[in-house]
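Several structures are given next for inspection.
What follows is subunit A paired twice: with subunit B in the first complex and subunit C in the second.
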Partner chain A sequence: MLHNSRKPSWRRLALDAAALSSLAFILVPLVFVTWLAFFKQEIPSFPPEGYTFHWFSSMLTQKAIIDGFVTSIEVGVVATLIGLALGVPAALGLVRYTSWWSGAASTFLLLPLVVPAIVLGTAIYVAEVEAEILVYGFGIETPVIGTIGGLIAAHALIVIPWVVRLVTASLVGFDRSIEEAAQNLGATPFATLRRITLPVIRPGVVAAALFAFVISFSNLELSLFLVGAGRTTLPIAILQYLEWKIDPTIAAASVVQIAIIAAAMLVTDRFVKLTQVV
Partner chain B sequence: MAKVEIASLSKRYGENFVVKDLSIEIPQGEFLVLLGPSGCGKTTTLRMIAGFVEPSSGQITLGGRDVTTLPPWKRNTGLVFQSYALFPHLTVDENVAFGLEMRKLPAAERRENVAEALRLVRLEGFGERLPRQLSGGQQQRVALARALAFRPDVLLLDEPLSNLDAKLREEVRVEIRELQQKLGLTTVMVTHDQDEALSMADRLVVMSQGEVRQIGTQRDLYERPADRFVAGFVGRSNFLAGQCEGDGAFISAGGLRMACTAGVRGKGTLALRPEAVSVGPEAAHLDNSFEGVVEYISYLGSVLDVRVRLAPQDRIIVQIANRSGEVLPKMGDTLKVGWPATSGRVFAEES
Partner chain C sequence: MTLATSEVAIVRPRSRRPSSMALALIGPATLFCLLQLLVPVAILFRYSLNRFDPASYMVDALTAENYVKFFTDPYYLTVLARTIRVSVVSTLICLVMGFPLAYWLARMTSRWKNLMVILVVLPLFIGNAVRAAGWMTLFGAKGFINSVLLGSGIIDQPLTLMYTEMAVVVGIITVNLPFMVLTLQSVIEGIARPIEEAALSLGAAPFQTFRRVVWPLALPGTLAGTILTFILAMNAYATPVLLGGPKFTMMGPLVYDQFSQSNNWPFGAAVSFVLMATTLGLTFIAHTALRRRRVG
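== the complex of A and B ==
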């Protein structure tokens, strides 16, 4: 009896310990970066000599970092919108029309996840150069490489798999008879999509948008190849800064980035409970 | 509400007929039930009327309007789904208003119709709730209100009671039937439950493997079943294998000679309702009178099912009323049983 009641409590302890250490593993970098951002000395070392807000004001004077913020948000928002516009219909199609090609199409849409980002970056760079040459051949002289459009297109590509996956997940268990009910009540297929299907899968779509934005916002490898002269994204600005200095300005910038993403998550969570979708 | 006409309607996938050559005219205000085991084509027929399944051939007319090729949203049918299919993100009011909104009714009129529909199903005051805040029975009534609010030409019910518990089911049967009669709704219901079918319908269509076996009232089906399938599916029947002589005589496998309705000649089956058999002294005066041994008795309360062995190959179930003070048969007793010739219906062996 004693043996029996002890055994589950040991298991319980082991589970708690595993959960706690995983949580710590995730949190430690965040905690340290945040802590570091307030260190007084320029070369980070322990223990801190004191605390200051200096690095946050120093960050604001770094034009590259501020511009990077703006560009990253711009690219992230537009890439997310494009990703939703393409990914949501794709997910609806994949779940609905199962035929011999739907498995292949589903794999195809997830491919950008499989290819290492740095390889993808190179490939897109080459593709965009080729595209420029191609349109030039038709007598149209338009830049592709190094433009914000080229950068957004590449980001849209990497967010699509996330949108497709999350929206597909939210469609599992979707009762299709409610769509038939809508049509029976006089709704055209378009009205059914707008009034019934999309509102019902909204949590999945919102989660997909959030993930897409975070993926785009924190991407470094693709952007490295595709940014034009005088335009950087935040991760690139951070990288470039680190080539010369290692003072906590970067930690301060990271804290702002963490805060932005955390705020996005909190706001999203007010509309849909994220724990229910992901 | 309108008359529904279905003319030689078929649905076929390759060589396989799911519904074969169904023709029926449903007058305005009739409650028609499509009855049959699963896979008999009854649901496909309903879905063809609603427009979700495209017929392979045939014609469907609602109130004189040929809707055969129209999409569901242009048909004006009110369908209650087995799962109710309420919109989970809309309130009860918004669910019921959906059909009216699609028909672009002005807001004031819409509110009136919604209130009226909810009153009909006795759900006043529930308008603000979401479907998940309602019980199964209430959800079912919302589905019914939603299907009625926009005044469809025909009400279609797809096993509407199968998700309710047994007691509630019987109440709702009566409610739906009363509502249907009060409003004069032309209604087509699909069910596999014969009790439900018999208690609600004006007329029934018995289907099996895509084919119509018989169309008629409860009484037609029960007293004059068209074939062996109907005799077994609607109510209970004893089936005795044997040989028909054609002139109203049937020789059972056990060698007993039985008088029956004239008709078939050759190998066949005699169908006999358990309650059509009399027992005891009165049995001796009937057209068919036999003696048998009681093998088993099921005491069901108001009635008893008595299994009587008439001959080594012939056994029948006899249902007798449990009247107070009467001596009940016991297992092993020898019992006199009998029935009139008209109670025994013979069917040719099915191919």
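== the complex of A and C ==
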């Protein structure tokens, strides 16, 4: 505040203290997980007996975690691509055309954010059951329940609201007369899209892709119902391990996850300032 | 004539067939959500009216007995009450803790701002189980808190911190606080600083400025952030499972157990709908109440 900028007052200090303690509270669990990953002894007791990098190599022998990691990457990438393919045109359409049904559609496209993930997970699971009964009724013996396709489709659903939100946000303040000018000058609608519109929304699309991937990658509640037998995602593998015990091995796996996501965010921050999209 | 028509077409090229173009753009995503969201939720609702039979699991029926079972059994009512209590408490604490941080971030002008925002956003993407693991290392019988307190002689018996309601509330706050902060921050950034400065220079005390200017203007964001964190708390899964333990059941884990362990799909579907209806109902009440206060 202006009046505070002349000299630091106790109010300014109180605000700093309150803000920093809230920030610390958010970060405390991550700090402790990271610390635990380097403990020498296996049982998490304090103070640690020493430090080692050993757990990062023992982590690699945990088959469930490695498999889960691979599945999560696969599902995340494909769900993101589907989410972008469906969500980016929808955002363009919603910003551009207003009619009685586009308003309803815009509310509807945000619905996957509002319906609780655990309810959505059960609902999609029972729908897969019904779909499999239907498919077998036609004499086609293709499994539907617990397939990776079903998992990807469900992840694509929860990714769409984020894509629509972020791309719509990047179109706010976009002067449409630029597009009209291009078309008046003889550009085809496709050329206008490629040469004018897409460059303008590119930061929004990059941010949407990142968010979509991370939303899928970190999802637990939805996947819980939809992973088939013998398949897990990384969050499920971590949860199941932690239900059994907590030790430096699982902490090391978490640290690797934290590092990957932190790197992804720093890279994205180069393309589009996170302060503008979240 | 031809010229005139083509001129019209050039000036307003998009207005020729706007609705078919809009349909082509918006249609696929909408259709996908319809098939992937509304149809499954409708099927789930239908399942909740079926009857459970231990031998053949699910029998087609049209009965409300699953809902009756939920609302007449004290065990399930306790689970619901506990879920609401934990959600309300953690949401209020999120609001109290989130507002200063959001205001601080919104008014920050230094080059550290981006880093600070990343520090708030990053944990969002780490996954709830990992953050619960962090608290497990603090709360365990040999965890950090007990070690410090025992080592300094403040207590001589380790405190029971794990598998308590406090642990679950703390865990949920860490998970939800970033959502609250980001929602509030974006709204506070929209409040022009000169408005605040005007109030201050006209003699309003800083607290008065907050109460009469910042708070009312930030109310839509407060509402959005509160609703978001409340919905997330009501539906928490990993946090209550890991920090609350098997006996501290909340609604999310209850739904999952009905499907995965009891194989009672009709009842699990009914519990899902009770959860969804309670969440949306309480959200609606809070929304209306706050809006009325703002108008009045």
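Everything that follows uses one rule, which is that the second predicted complex is superposed on the first by the 265 of 278 C-alpha atoms of A that agree within 3 Å, B and C clash if a C-alpha of one lies under 4 Å from a C-alpha of the other, contacts with A are read in each partner's own complex, and residues count from 1 in each chain.
Methods note: a contact is a pair of C-beta atoms (placed from the backbone, for glycine too) under 8 Å apart; a residue touches a chain by one contact, two chains touch by 3 or more.
Quick caveat, the model's predicted, so the values are computed rather than measured.
Undergrad: With both structures fitted on chain A, tell me whether subunit B or subunit C touches more of subunit A's residues.
TA: C
Undergrad: Between subunit B and subunit C, whom does A:191 touch in the aligned arrangement: first, second, both, or neither?
TA: First partner only.
Undergrad: Is A:200 touching anything from subunit B or subunit C once the two structures are fitted on A? First, second, both or neither.
TA: first
Undergrad: Is A:127 touching the first partner subunit B, the second partner subunit C, both, or neither of them?
TA: Only subunit C; A:127 stays clear of subunit B.
Undergrad: Between subunit B (first) and subunit C (second), which does A:180 come into contact with in this model arrangement: first, second, both, or neither?
TA: In the superposition, A:180 touches subunit B and subunit C alike.
Undergrad: With both complexes superposed on chain A, which partner does A:27 reach: first (subunit B), second (subunit C), both or neither?
TA: The answer is second: A:27 touches subunit C but not subunit B.
Undergrad: Examine A:81 and indicate which partner it touches, taking first as subunit B and second as subunit C; both and neither are also allowed.
TA: In the superposed model, A:81 contacts neither subunit B nor subunit C.
Undergrad: Can you list the residues of subunit A that touch subunit B in one structure and subunit C in the other?
TA: 180, 183-184.
Undergrad: Applying the document's contact rule, which stretches of subunit A touch subunit B when the two form their complex?
TA: It is residues 175, 177-178, 180-188, 191, 195-196, 199-200, 202 of subunit A that touch subunit B.
Undergrad: Along subunit B, where are the residues that touch subunit A in the complex?
TA: It is residues 50-52, 71-79, 81, 83, 85-89, 98-99, 102-103, 146-147, 150 of subunit B that touch subunit A.
Undergrad: If you look only at subunit A, which of its residues touch subunit C in the complex?
TA: Touch list, subunit A to subunit C: 1-3, 11, 15-16, 18-19, 21-23, 25-33, 35-36, 43-47, 86-87, 89-90, 92-94, 96-97, 99, 102, 105, 108-109, 111-112, 114-120, 122-127, 130, 153-154, 156-157, 160, 164, 180, 183-184, 189, 214-215, 217-218, 220-221, 224-225, 234-235, 238-239, 242-243, 246, 250-251, 254, 257-258, 261-262, 265-266, 269, 273-275, 278.
Undergrad: Please give the residue numbers of subunit C that touch subunit A in the complex, ascending.
TA: For subunit C paired with subunit A, touching residues are 10-11, 13-14, 18-19, 21-22, 24-26, 28-30, 32-34, 36-37, 39-41, 43-44, 47, 97-98, 100-101, 103-105, 107, 113-114, 116-138, 140, 142-144, 147-148, 173-174, 177-178, 181-182, 186, 193, 196-197, 200, 206, 231, 234-235, 237-238, 241-242, 252, 255-256, 259, 265, 268-269, 272-273, 275-276, 279.
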